[in-house]
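Before anything else, here is the set of structures, which you'll find just below.
Look at the two complexes coming up: subunit A is in both, with subunit B in one and subunit C in the other.
On to the complex of A and B.
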């Protein structure tokens, strides 16, 4: 396993505990979506994974090494794009020149390719960019570092509509078998077509940790009118066309596409029922 | 398996220094300019206050040394915070902590920058301001003496006498050589500044100033309580002074590194 979070307990102060005996394992070769309610600890989990926070108890291991040690060889294999960041007021070329020596797998081809996908070029000055442009430039650099673990916290925030589809293309093109990308976001519609694996957390519980293929082989996401409901639905919520529903996938074959928003709401509303569906087969 | 190459690498240290200067050279340049202009303003004030015809005159030496002492003391307080300068904001902490260099390399660089490099910047700014002031005096006819910077040794001695007048400790301890006191106390106070910079991050200079004042005013009170007749008859070897303050300084540095290493993003 690439990332192992073992029995971690963490809180920002003695009164508030964010995670209590929390465990999670993540492998390589997948794009993970980390979802959860506001304040449930998604960003905190990302910081724990990258060693930016230290658990009170338990340990977080990246390829068997405790991330809290912050060893250079561990840090050179991971990169985080936080929700808020600042960039120095230098040109992109200068920024790359200063930072690339720290990442031995840095790829100029990837950088150029990502910039092209975002309709940007290398001759930009980071101090002259808007927030959305800075985010795109930073994400290009992040992908170009070619690290085995890339963590992104709300990456599509601040991006315009065309940029969101560009973002999906950029991340997908940068993936490889030995890499993992973990994306934490509320903007589920921006990433649902990108994900290979869905993780939904609620406090110290992992409500769902399944691959998209597995989810689609167990569940069917569809739209029905109110008159078509039969009572077998696992979850329903009103939609423009009637009701968005989740049905058990009795055929056991992957059907349709994942409706991440519906899955998220269903898992939070009926966690035990949803868990039972996956445990039955 | 942890090896020496994991903990400290000169190559990575150089990359870190290059990264810091490359991204922040404008900030450092403005800071240096600020130091230079501050020293220049102080010296020009003294030029017009004392008319530097006699730069080596005792009253001028004492005045300039006191002003310089206060300026360098403020510089030291300011430099205490510079150890954690890259980690004042959450964004800065994220970027710096995630940089693939070891904790020791990051600490060594920041501690070196906050101590040696910043002090060097201060001395260069002081000397340049002094030469500028001297040039002004020559051109304007305000004075014809040599640059007071050349009297720096006199200033240091004068500064020590000023300090001993200010700090009552001198009444209680008999020192064979004031230089040991200055050196040892100076190292210890700076290492205290460094430790406070790593622990408190914000307002580090003010907090260590408060602690320092408590030390210099509180210690004689304690001595008066435990040794009301004074310690003037007791001889304290200079090596003991060096040893005690040296050990305390090393302890401060070790603790500073421990606090630095345990930094988190929040």
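On to the complex of A and C.
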């Protein structure tokens, strides 16, 4: 496995604990969506994964190597785009020439194509950009580093409407079998078609860690009018049509499309019940 | 691309590609975009498109040439036509008949309307 988080405990000070005996394993070749309520430690988890924070107890292994050691061969294989960051007031070209030596697989071709996808060019100056443009420029650099692991914290925040679509295109085309992309977000509609794996966390627990195909073979997401409810529903939520519902998928075949918002709400409301559905078959 | 909730995304993408083959955008024996190109086009995960292509291959609508990519099968249009017909006959038509019965519409009325439409 690419990333193993083993029995990690972490807190920013002695009184408060964010993670307590937390474990999670992630493989390559997938785009992971990391979901969780506000303040449940999504960003903290991303920092622990990339060696920016060190756990109090337990360990985080990347390709079998402890990331807390911050070995160059580990760090050169991962890149994180935090939710907020400051860029130096230099031209993009200067920024690239200063930072690319840290990333052996850096690709000029990828940089160009990403910038082009975002309607930007290489002659920009990082000190003169708006927040959204800065985010796009940094994401282009992140994708161009071509690292095996790419971590993005709330990447669609601050992007305008066309850029969200461009973002999906850029991630979809930058994906390869030896890579993993982890996206933490609350804007589920911005990214749901991009994901093939969903992770939902809540403090010390992983509530869900499954592929989208697996989820859809166990659950059906649909809209029913109030008269059509049968009592079989695992979760219901009022919607324009009547009710958005999750039903157990009895056929075992993939029936519909994942409704990430509904899944998230259901998993947080009834974690045990939802976990049981997956363990039945 | 906008996706409906009732059908897996990979099948909706398959429908889209079938439409494009039907319209001649991808001619028979012509190359279709790579998995990654198509994923970027419809803004979905590449693995979803891999499943779409697997499905289309199993339906003998596309085939691979080693190292060259995916191509439209020579008889793809005919295949798509017969697939669509069977979906219509076996899925949509029974649903239609059910509606007729619920609303109490005699089949003669439908036959008459169908005839009128033919003449106009």
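The criterion applied here is as follows: the second predicted complex is superposed on the first by the 281 of 281 C-alpha atoms of A that agree within 3 Å, B and C clash if a C-alpha of one lies under 4 Å from a C-alpha of the other, contacts with A are read in each partner's own complex, and residues count from 1 in each chain.
Here, a contact is a pair of C-beta atoms (placed from the backbone, for glycine too) under 8 Å apart; a residue touches a chain by one contact, two chains touch by 3 or more.
Everything numeric in this text was worked out from a predicted model, so none of it was measured.
**Student:** Check whether A:101 is in contact with subunit B, with subunit C, with both or with neither, and answer first, second, both or neither.
**Tutor:** The first partner, subunit B, only.
**Student:** Check whether A:73 is in contact with subunit B, with subunit C, with both or with neither, and answer first, second, both or neither.
**Tutor:** Touch partner of A:73: subunit B, not subunit C.
**Student:** In the overlay, answer first, second, both or neither for which of subunit B and subunit C A:88 touches.
**Tutor:** first
**Student:** Just subunit B (first), just subunit C (second), both, or neither: which does A:19 touch?
**Tutor:** In the superposition, A:19 contacts neither subunit B nor subunit C.
**Student:** Quick one: is A:32 in contact with subunit B, with subunit C, with both, or with neither? Answer first, second, both or neither.
**Tutor:** neither
**Student:** Tell me which partner A:264 touches in the superposition: subunit B (first), subunit C (second), both or neither.
**Tutor:** Neither partner.
**Student:** List the residues of subunit A that touch subunit B in one complex and subunit C in the other.
**Tutor:** Subunit A residues touching both partners: none found.
**Student:** Subunit B touches which residues of subunit A in the complex?
**Tutor:** Residues in contact with subunit B: 12, 47, 50-54, 70-73, 75-76, 78-80, 82, 84-86, 88-90, 94-95, 97-99, 101-103.
**Student:** Give the list of subunit C residues in touch with subunit A in this complex.
**Tutor:** Touching subunit A: residues 3-9, 12, 36-37, 39-41, 43-48, 51 of subunit C.
**Student:** Any idea which subunit B residues touch subunit A in the complex?
**Tutor:** These residues of subunit B touch subunit A: 2, 6, 9, 12, 15, 18-19, 22-24, 26, 89-95, 97-103, 105, 262, 264-266.
**Student:** For the complex, which residues does subunit A have touching subunit C?
**Tutor:** That would be residues 29-31, 165, 168-170, 172-173, 175, 193-196, 212-213, 216, 221-223, 254-257, 259 of subunit A.
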